[in-house]
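Several structures are given next for inspection.
In the two complexes that follow, chain A is the common piece, with chain B as its partner first and chain C second.
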Partner chain A sequence: MTSRRAKSRTIQVNYLTRVEGEAAVRIRLHDGELVDLRLQIFEPPRFFESFLRGRDGREAPDLTARICGICPVAYQMSTVHAFERLYGITIDPAVRELRRFYLCGEWIESHALHIHMLAAPDFLGCDSIVTLADKNRQAVERGLRIKKAGNAIVAALGGRSVHPVGACIGGFTRAPRREQLADLREQLLRVRDDAVECVQWVSHFDLPAVTRDIEFVSLRNRDEYPMNEGRIGSSKGIDAEPGNFDDCFEEHQAPYSNALHCKVKGRGPYFLGPLARVNLNFARMGPDVTSVARETGIPWPNSNPYTSIVARALEVLYAIDEALRVIDAYQPPAAPAASFEVRSGVGRAITEAPRGSLYHAFETDQRGLIRSARIVPPTAQNQAQIEADLRELVPGLVQRSQAEATHLCEMAIRNYDPCISCSTHFLKLEIERH
Partner chain B sequence: MLAEAPPPNCEVIAADRPGTALVDLLEGATAAILIDAVRSGAPAGTIHEFTFDELDSGAAHLFSSHDLGVAAAIQLAQKLGRAPSVGRVIGIEIAPGSTARLSGLSPRTRQAVRRAVERVRSSVAEFEDQERERAQPNRGSEPIA
Partner chain C sequence: MKPRIAIFKFASCDGCQLQFLNAEDELLKLAGQVDLAYFPEARSRAREGPYDIAFVEGSITTPDDARRIIQVREESRYLVAIGACATAGGIQALRNWADIEEYRRLVYPSPEFISTLSTSTPIAEHVRVDLEVWGCPVDKHQLLAVLRSLLSKAQPVLPAYSVCMECKRRGNVCVVVARGEPCLGPVTRAGCGALCPAFNRGCYGCFGPADDQNMESFARLLANLGVTGDDAMRRLRGINGYVRPWRETADDIAAGKK
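Entry: the complex of A and B
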């Protein structure tokens, strides 16, 4: 925070112990032609892989949840599913439903935050949600109501909406009573109309009309819109078990970045996130949501990254409907969590975090202590695709001012809702012209 | 400390990284005092105090992909007409954390917390006195509804 008081001072409120990074793009041009483009996004999960080693696997869900302040539930889900595969645990069907409900809450709060605080100000020429409130107070109030409903779902199962604790290997530490979930029903019904209006609002933004050759990747599930279960699918034919992640994708160290870049084996970058999920699983959102999607006039599937904001809004609507379905059908499980015996082995799982597929793999010894951990978040997997999008932008940047060029790059990156710390202006853009 | 013996007519809320929820928490209050850890480079234990209106407008840009920061949340609440007319922030300067172990609060910061609590109590007393003066009918002012 900064103050206008007579003596100049800067007060920085920084409550997160990890240092969130910025994004940096370096573009080198020669006679107006692109020579080199490099994107760097700080990637904290790598440090967690190191200090998880030697820890008891039963601690892992609470530890990995702290990797991210906006998607802790997804980290918990990937972790518990990986360990359940490792230990051969079958979860109660009611627990399975509660986990979808839990992730619905996170999708709702994360997407609502991104749409109203980060993306909408960009599209509407506002420099923050505060100035957006001047322009369209109703939309901001609506966004806050939607986010609050998402937070309430997460708090109902996780004890609190920030760094929730509640998920464990085998289920939850406690299962809510029917009445506790029913309390949320009225709140969700009220914000459903808000969510429909949000889809309509964002679909009328001046979205750049681009078409790219993109490979979209997400989980696919025959019976439902994918969240915690499914097979890896893509728009170019991938169909694989989550355990075969390494058969489909490869990571390599970019020399200029501390992140590993991911590509489809034998091909190139790929695109994770709401637009990928909507493109690959459109009908699974159900007719109440697909009808709203069609009314936007946007074709589905499509390969325009700028429609990601609409895909996010559609997922908010889907998540509200799905949460209501779970509430109406909910019967508490016989036990909140299945019991199990630890053993040595390897477990792998993918969960659809708000930003896309999140892959976890753990290896344990006979005592259930972690020998190795692998955490591949969607933002890391998207980096190669983001670079590809930025390369497409370069011809349009050459004649622009530094401020305009930076803003256009930020908008392109923001389609992916990358999990980095960002002010309205987060990008360090360096253009070298020779 | 405050929760164990709250000042009169006050609700004490411990909000762990409230983000946008701060907008809801501020609504309906006649006055609000926010206490938070800060880092400005000042010595640990320094107490900073300023009103909501003294927040720089640039603070609205300071938020994360992970939620709204305290300053931006205050300004949003003001913009939406949900912030109390009297709002104060008491910031307690913390020392950089030790990476070797979980160090908790430094002794200086611990002392500063006690001073901040006293400052909250005296601020509430000041505010109550001002409200009582405003409410006195023989001064020609309107009673508080």
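Entry: the complex of A and C
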């Protein structure tokens, strides 16, 4: 709806489509000047941090998974790593490898879903994957094959791709035998070519050419692309242990609402997700992936949020290669899970969810019951950056029709693949001031 | 004319509607057989009702949603509640035992602006539901079978027997008998394929109560395995904890009656 009074105009995108969850954008202009801009989340709160209190820590991975049906593996991984720190558990190196493999599966399926079903229709003038399939069935089928391979990895370790059941504190409830991974290896080899074609496909989209001053944040490791561990790093110099999350970032209340925004302490918004990871860890994807990345002609690192879709496609290729590496080197662990004793204490961890760094902190009592839980999902952390990008977009929206403005806002937001269902710490309300 | 399909979301994780998109092999074929009139997660163009079949994901947790579900019912000829949130209130129904004011204060610094109900309730507590598909998440194959049945104007048939039946058919070793592991399989509806026992762990009840569950006997089974008090209560008060037979047994255990 567009309302035109004397010189005021409100652009309201009432229901963002092709994002996971429910949100809206409201932009208020006066004399063409931006008065107010809000990304409003009307996803109902589900109170995970509240009802986790009093639950046994061992139940937590199955409960936090339910925050998000699209990235349950990342929720399980942040939870188990936080508890392993809390209980002083050292995991078997083979389990560590399996967990990389597990997260590769989720990156592949989640990224393939986003690229083909949520984002690509924007660039090709379609309203959904179904109409996209009428135009370019080959690309859609290719995307579905890639996505299916990612789901198959998750199911191999957890029985199903949504809310898989195999992950636990200390490892997995069951480790696959080598021969059980043989078919999966064949499947991954088949979709590797698809993934290369997908990178080429998305890099030829008509990506708006913008450059922004952005602080990119992701985990960083010395030798490998970050997934389940590493130090917090940023393009403006952060280098910290995950346990020191609160020293680096603050949750900040915007003056016009009572929402929580995350900012780098003393600075401003920051950017999480595939583009941040690629920018900060480019060489760690290995020569097979970086050569494909260079052939796109897009410079890496770069500060154009619209290249996120290409970064996402590069991570699909990386995750396929990494999954194949794990399969080829795989020796089952002596025991699928390390044993442990519960105790009181605090454990914190960050893992790289498909959409970016996912922070969990738990405190337990002597019996291993949760006293407090804190969960900071990537979309909540990206919220301030999304609004910053939308503000940059505003001058170009003034002369546009409602449909065009909506489309441009949605495109800018989809760079972050926001997962609004992850509603803990992520609720924003409008308070009109007259 | 192709049947008009709508997919609505209430308080949920999106995982059940994702199962439609996870039908990689069937998706394009299915899309040709129906008119996907309303599916905002996958399509930017939405069309108004009435709809022939509405799939509803999520539970009712806000005053707005309590009004919206009535509207959804009015414009839907056949309404299918999908997943634990829609059929049982979901994991967020744990608030139903808690002080919602305290919950709000714990998560949000300005709790007075959070619009929420003190309960999370299934769709059937608000409107007439034509079919419930259970599971957290719903099983993709069950979902597709339901859709195919409805498209051919047949009444869908879903199993209501327990996970134990599936577990035996799968040839799993019983985790209760062999390892003394607590397992909700005997009182849980089949549909997942007895996943947890196949992964060396006890069932935790994603698919909700089976029709033929015997809670008296199950409470004794837990006690015999040494699972009593709060530990026993928590096992039932989980993803489907607000469904009557489990809710009542868990409440009895919490009150020290079992």
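The rule we apply is simple: the second predicted complex is superposed on the first by the 386 of 434 C-alpha atoms of A that agree within 3 Å, B and C clash if a C-alpha of one lies under 4 Å from a C-alpha of the other, contacts with A are read in each partner's own complex, and residues count from 1 in each chain.
Assume a contact is a pair of C-beta atoms (placed from the backbone, for glycine too) under 8 Å apart; a residue touches a chain by one contact, two chains touch by 3 or more.
Model, not experiment: these values are computed from the prediction.
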{"item": "Superposition-derived comparison: chain B or chain C, residues of chain A touched", "value": "C"}
{"item": "Touching partner for A:P299 - first (chain B), second (chain C), both, neither", "value": "neither"}
{"item": "Which superposed partner A:D417 touches (first chain B, second chain C, both, neither)", "value": "first"}
{"item": "Partner chain(s) touched by A:G166 [first = chain B, second = chain C, both, neither]", "value": "second"}
{"item": "Which superposed partner A:I70 touches (first chain B, second chain C, both, neither)", "value": "both"}
{"item": "Partner chain in contact with A:H114 - chain B first, chain C second, else both or neither", "value": "first"}
{"item": "Partner chain in contact with A:F47 - chain B first, chain C second, else both or neither", "value": "second"}
{"item": "Touched partner set for A:P93, first chain B, second chain C, both or neither", "value": "neither"}
{"item": "First (chain B), second (chain C), both or neither touched by A:G32", "value": "neither"}
{"item": "Which superposed partner A:G396 touches (first chain B, second chain C, both, neither)", "value": "neither"}
{"item": "On chain A, the residue positions that both chain B and chain C contact, one per complex", "value": "15, 17, 20, 68-70, 113, 117-118, 127-130, 133, 137, 140-141, 144, 147-148, 151, 160-163, 419, 421, 424-425"}
{"item": "Partner chain A, residues of chain C touching it in the complex", "value": "9-16, 18-19, 21-22, 24-25, 27-28, 31, 36, 39-46, 61-62, 64-65, 90-92, 94-95, 98, 102-104, 106-110, 113-116, 120, 136-137, 192-193, 195-196, 198-201, 204, 206, 231, 234, 238-239"}
{"item": "Complex interface listing, chain A residues touching chain B", "value": "1-5, 9-17, 20, 68-70, 113-114, 117-118, 127-131, 133-134, 137, 140-141, 144, 147-148, 151, 160-163, 417-425"}
{"item": "Residues of chain A that touch chain C when the two form their complex", "value": "15, 17-22, 42-47, 49-51, 53, 55-56, 59, 62-63, 66-70, 72, 113, 117-118, 121, 127-130, 133, 137, 140-141, 144-145, 147-148, 151, 158-163, 165-166, 168, 173-174, 253, 258, 260, 336, 410, 419, 421, 424-425, 427, 429, 431"}
{"item": "Sites on chain B touched by chain A in the complex", "value": "16-21, 23-24, 36-42, 48, 50, 54-56, 58-72, 75-76, 79-80, 89, 91, 97"}
